[in-house]
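Chain IDs A, B and C follow the sequence of writing; residue 1 opens each chain.
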């Protein structure tokens, strides 16, 4: 397949998915529609995870932190200040970005698996804090009775699940379009260069840590917007929405979707959430067991490791590469692909316990 | 010594680098004049690469000082040194594998083109970054593979690409660490041409084992042995100096 | 004498018991987290199923303890062995993906944690279970004028003993030397001809044993419940982040700090405890900030860095 044909195929697939997403609420019942709205919300969080994991090379289990910050901030604004969607989305973005700004010093100097560890701790602590800070968050009972949203001033509140779903779809679409446009600018180049070879990028005079910090805050804002959409979609929020399992599911979805691809992140996350919901409907009580099995299976199914797989996928999708030699000879540049400082440049990153 | 000795661009004064009890570079003095082509030779383990690392800022000195263009840079990190005009080419080509060739040059030349201010509009980006990058690729003979990802370039092409990247940083001093290593005969020939064509506003400090390349290019040759400076002079002097022969013979023995 | 002590302590007095609780909690976290430290420092595995290993011990304690001394010993033996076995099983599951990236391993171990947690809930029910400690310890003693649970005092002693033994094992034995070498430079150990699969098995087994023992002994403190695994994993991670890697002393200090934050912190400022953990992490990471990746992984065991 020529690169042009491949690009066309990817675009056609994207448009097809978008059409399906728009037509969806007319073909299923209200409950399923609200389920899809929530899936879409998690898909957007997945996008922020992909931005960090795949593009910035900071694998994260902690995007539930800014997601929760955005959700609670939006909920409070919705209850006490304004039911206008624009206000809530901006509040969510600001809260998520602020959260990320406060936690960025914890993350930005670490790399690889240490980032996973630190972000996991951040996400979990956020949930714990949300559960304890009863006066603001309603504790483990959560915040209920959030009024219906009106997208802009003067519009009627969205009363149906279908309307709320479409609102969610529009906001998610706008955010993703904005992100894709941003990443197509030369700024996206710098991020990819930093992920490829951090030491080399520094040596060219780039302030990699600064780029990573900006990306982290941006990803926080995206997750915060998703939080605001969660409030719209389910009109209720509790710490259970941000648990460890949610973080892990997001990471799984992003990995399945190809880590470095934004469209892949949405599709992968949606797939994983759908499987979870389907399993828990099918076999109530056994869902976690089967889901655990799914994680294990995923880990086994990718022959070159999930990072390798996503790199291959990214290679396929990034049609501008003119594969003269097969993609197989490409040095590992996946999720763990940020060589630690001082490591010989170009060395394939293998987990150091296993290089024998 | 040479005609260039009057206007030094780079001076290293008694620089020392230790690794544990091993003294890799032992009180070495070095002067590179403006526009000079200066080669460092010596047997394996003589401290050549370490000395380049010290000048490029990849490792810090344990003693002595380094001046560049009249300014003390002993304490500056590699990024700062890159910004003030010290470019570097590594023994193993350091390129960004998932970026295309032209993108590699763009990212490498980013700061010389004004950083983010240089890319505020698409037209500006083309004019300030993309077009100069294409011109550089053309100069090193890579125009045909400009939009190939670096991961898919051959070793020799990556070396050429790295030279283009180093030049994109508009260096006043180019540090070359065994640029001919791993290249085929044809590629070495092309490299020699490329280096010979470099404008004289770029000074070159070259570490190389291929002595034919060194004698063809260098104005001055400095010989290191066991971390110490043995001698320094014009290629003809060095070629016949007994001290040089001794250093190499000792290393072989 | 006791009274005098109480009077001298004055304003500190109300916080004495929470502080003591913090020590117990911290030592428990130390025993639980040290396994995670070894996994990461020696075998370079981020084991997200580490909390599960603790939960196995805790659930077995709830099932086996009947108020007698014998049952405590039995539970300790069975719990330690079961968790060590689970750790070994995990090493086996990890073998096929051993050469892959950390993310694959994290996904795998998380899957095991999820499935294992579900199995525990299936076996023991969704409620948190009561734990019956030996009758002789199920009472309170007087500490500086306060009533304090005897079990916790004994626990502090036992856990401190485990900490000392662990330190001796790492500092003085051949295996400990290997551990320290692996933390410093995994490749070098590989060059010594030690099979990585056996290292993984040994480390995960040992980590399981430690976590299982912590689970049995700690069941009266962090009891068996569906959330136990998550809680222990989270607190262990914080301990690892605070303590650096590979240093027994660092882990111990970090664990004690987390324990105090969790109990003394709660007593002083009830809602602030999670924020305090954040703050502690931020502080420690900020101090270490520059060059973290290198230093983080290469902290010398028993070192003063």
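We take it that a residue touches a chain if its C-beta (ideal position, glycine included) is under 8 Å from a C-beta of that chain, and two chains touch if they have at least 3 such contacts.
Note that the structure is a prediction, hence the values are computed from the model and not measured.
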{"item": "Overall pattern in which the protein chains touch one another (line/ring/star/complete/other)", "value": "line"}
{"item": "Of all other chains, the one whose Cα centre sits farthest from chain C", "value": "B"}
{"item": "Chain centre separation (chain A, chain C; CA means) in Å", "value": "31"}
{"item": "Centre distance in Å when chain A and chain B are each reduced to the mean of their C-alpha atoms", "value": "42"}
{"item": "Approximate Å spacing (C-alpha centroids) for the pair chain B, chain C", "value": "51"}
{"item": "For chain A, residues contacting two or more additional chains", "value": "none"}
{"item": "Sites on chain C touched by chain A in the complex", "value": "40, 42-46, 48, 93, 96-108, 110-119, 121-122, 182, 186-187, 190-191, 196, 199-200, 230, 233-234, 237-238, 240-241, 270-271, 273-275, 277-278, 281-282, 285-286, 289-294, 296-297"}
{"item": "Touch list for chain A against partner chain C, complex", "value": "53, 59, 61, 103, 105-106, 109-114, 116-118, 120-122, 124-126, 128-129, 132-135, 243-245, 248, 251-252, 255, 285-286, 288-289, 291-300, 302, 304-308, 332, 334-336, 340-342, 349-356"}
{"item": "Residue ranges of chain B in contact with chain A within the complex", "value": "56, 58, 78-80, 82-83, 88, 90, 92-100, 103-104, 106-108, 110-111, 116, 119, 125, 129, 147-149, 151-152, 165, 169"}
{"item": "Contact footprint of chain B on chain A as seen in their complex", "value": "185-187, 189-190, 192-193, 195-197, 199-207, 314-315, 318, 320-325, 329-331, 333, 344-346"}
